[in-house]
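Listed next: structures, encoded as structure tokens.
Across the two complexes that follow, chain A remains constant while its partner is chain B and subsequently chain C.
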Partner chain A sequence: MKKLLNTLFVTMPDTYLSLDGENIVIKRDDEIAGRYPLHNLEGVCTFGYAGVSPALMGKCAENNIGLTFMTRNGRFLARVVGEDKGNVVLRKEQYRISDDERRSAIFARNMILGKVYNSKWVVERALRDHALRMDIERMKQVSASLSETMKLIRGVEQLDILRGLEGSAAVQYNSVFDQLILQQKEKFFFHGRNKRPPLDNVNALLSFTYSLLAKDVTAALESVGLDAYVGFLHRDRPGRASLALDMMEELRSVYADRMVLYLINKKVVNDSGFVKKENGAVIMDDDTRKAVLKAWQERKQEKIMHPYLNEKIAWGLVPYAQALLLARHIRGDLDEYPPFFWK
Partner chain B sequence: MLVLITYDVSTSSKEGRRRLSRVAKTCLNYGQRVQNSVFECIVDATKFRQLKYELEELIDKQTDSLRFYNLGDNHKSKVEHIGAKEAYDMEAPLIL
Partner chain C sequence: MWDYDEEDFLMLSGIQHFNFCRRQWALIHIEQQWEENVRTVEGAHLHRKADQPMLREKRGDKLIVRALPVQSRRLGISGICDVVEFIRDSSGVPLAGEEGLYLPYPVEYKRGKPKRNDSDRSQLVAQLICLEEMLMCELSMGYLYYDEIKHRVEVPVSEADKTKVKQSLEEMRHYYERNHTPRAKPGPHCQSCSLNVVCLPEMLERKPVSSFIESRLYE
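Presenting the complex of A and B:
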């Protein structure tokens, strides 16, 4: 398994990133704010409007270092992609599958199965650890209905039915998500998902972590030679990384949602770090954003046992491992795509 | 793994001063400068050989010397810093 390298986040405004030898140099007001060897990095992610020299873009593309630009609020702007590498035979097969609704459905259903399974275990884990503080009846009910949904998903061969089942599972899961928030409840609550823009603290955190996860998954898919823009459950739409969104489904709850819960329940973030704009949008201030990024990076270094590979890998490599397994299945080396089942 | 590199390059001649700056530049490509002629590099075995080879080609073995200290993967407990010129940790979250 490959080694998980570090990601550099640049959140300061008015910075310029350039290349010096084999180093990335971050300048601010003609002063060097940082200098890091590129071989220690696997991604560079900027928030706000940091400029980047073409030489550095070229170097990143050549060395497979993901260079991503986001707005201050973590909305994706652009990414630098180099010469298309990887396996064209693999990608063509991916396109054939994507064009075939039935085959797409079979791919998508494993991912959705992973999603529902993982959501269920997030609920079960919360029940095990904090049963006294929750509506046990309701949680048990949701857990049972998610199990039911999983049974139904197994045989589905139509995308529409799959979307319906996915939707109802999401509604079930979202209905108890608020109960998983144990601290700072008056300021952090979940009354349903809203986005573009997020209208409360929890949704702001969710949106931000989802875009971080999307970035990681996209990079992982591309590093194994797949086309992140051609999906199975999510159909083609210009500028949307559909396959990354497909693969994100199984990781959302265990990777992003749990991160958000951790940030709130451990009081890593607090209400004063969120600002409400005139249009109702809630955004994080710079320090809160940094705290989230720090926690995100630390989580990525934690080791877990991958349930299918049976190997200890860093959390941050899970998207890569899944991308690898997906590529193997598309290539025909694996009979089925094994989703990431977390327990 | 963490490798500590120190060097002594003879600067009595013009050639020597040029070698010194090249050695420093090469080290900087792989790691960070923690003191004047001391570098810390986080490298894997392949990168390390590459680095060693590059440096060996640069120096004049009659007058200059290189020393590599291999601190392994668990290097966190082996390094202690006192005083100015605080170094960054390449493996901690990098947020600027």
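Presenting the complex of A and C:
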């Protein structure tokens, strides 16, 4: 498998990034605040409005280093893209599939299958580890219902039916998600998903980690030559990375949700790191954001067994492996797209 | 026999990839996938010296030209010769701006040491064919320079070698026109392949994805 290098997160807003030889140099008030060799990096991600020199942008594009700009809250702003990589044949086939609702459904259903499977096993894992703290009967019900939904999804050839099944599975999973929060319960609770803006601590964490995941999946798809903006389940909408959102579905629960639960249950974050604005919107302070990014980076280095490749790879390479498998199926090497089944 | 249009030319260097592994060639030349690794970086470094098109040396009866673009319309390929040595030879051909008659000998720079397979040779043979066609001469020898032994190896080229390269090119064109990436048999050569992580050779031998999914669904 491809080697997992590091992503450099720049969280200070008043910095300027520039290139010096083979190094990235971080300047603050005209003074050098840091210097890192580029060959150790696979991504640079800035939060806030840090400036970047054109020379550094060019170098990153040339060396396949993803350079992403995010707002302070982790909303995606822009990305530096170099010369178009990958091949037009693969991409045209992707477009043909996307234009054909039936074929799109067949692609999307495997991703949704992965999503439901993984959310089921997040529930099962929690039951195994902390049964004493949970409503076992309710959780078992949810798990069984998710299993049933999977069997239905397997045969679906219509996008609206697939969306319906996905929706009902999400309702099931969300209905017990609050039970997975085992610490700091009075300040961290889940009563449903809200995002524009997030109205509680948990939703603020979920939004932030989802945006990090979206960035990773987008980069992975583009690196294998696919167009992250042309999706199967998510239809075209200007500026939306629809295919990245499709592929994210199977990784949300195991990659992002579990990260959020870890941060709360291990008390890596606490209520004082969240600010409630006048309109009810909840945002994280700088230290909390930093703590999330640190945990995110550490998780990426951990090894797991890839279910289909049967190979030990770093968590951080899972989006890349899935993107590669998707491209292989589109090209006809594989009979189906193998979802990432976590357990 | 008709000629190919320049638009449809294949890259000469692809012959080496193709003879190493058909799938590797297709991944690079059809799918445009490329992964840098130690070997490709070493290769680029090695070519730094050869890749100096402005350098032209004359030593007695020898004229040394670097980074010479060559093509064969008949085969529909083009590429660049690292080094071509033109040697004064009474059976040679006249060169523009030079007195006397010359015959060209391509020298291809390679990383590592002489290989057991024919992939390096095939690239040299293709260069020879191009030079023959462009200069209207007949050639039967070139050199492969290997950085590990710091030595060039003399490579005699027979008609049979040229025929083999022509056959490879026909096969390449067949895949190219259909935009088809052939499957390949995984083997020991996969270990040294720079595209291993894109190709996923073992994946091709795995059980169908459908049975993988079914087994998880009903566990």
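General remarks:
Here is the rule we use: the second predicted complex is superposed on the first by the 343 of 343 C-alpha atoms of A that agree within 3 Å, B and C clash if a C-alpha of one lies under 4 Å from a C-alpha of the other, contacts with A are read in each partner's own complex, and residues count from 1 in each chain.
FYI, a residue touches a chain if its C-beta (ideal position, glycine included) is under 8 Å from a C-beta of that chain, and two chains touch if they have at least 3 such contacts.
Please read all numbers here as calculations on a predicted model, not as lab measurements.
In the superposed model, A:S18 makes contact with neither chain B nor chain C. By the touch criterion defined above, A:N270 reaches neither chain B nor chain C. Shared-chain residue A:P339: touches chain C; no touch with chain B. Contact with chain B, but none with chain C, is seen for A:K294 once the two complexes are overlaid on the shared chain.
Once the two complexes are overlaid on the shared chain, A:S145 sits clear of chain B and of chain C alike.
By the document's definition of touching, neither partner reaches A:S175: not chain B, not chain C. Contacts of A:Q184 after superposition on the shared chain: neither chain B nor chain C is touched.
Considering their complex, residues 1-2, 85-87, 89-90, 110, 113, 117, 150-151, 154, 224-225, 307-309, 324-325, 328-329, 331, 333-339, 341 of chain A touch chain C. By the touch criterion given at the top, residues 30-33, 35, 179, 181, 183, 197-198, 200, 202-204, 206, 208-210, 212-213, 216-217 of chain C touch chain A in their complex.
For chain B in complex with chain A, the residues that touch the partner chain are 25, 28-32, 41-44, 47, 88, 90-96.
Within the complex, the chain A residues that touch chain B are 3, 6-12, 15, 21-23, 26, 33-37, 39-40, 290, 293-294, 296-298, 301.
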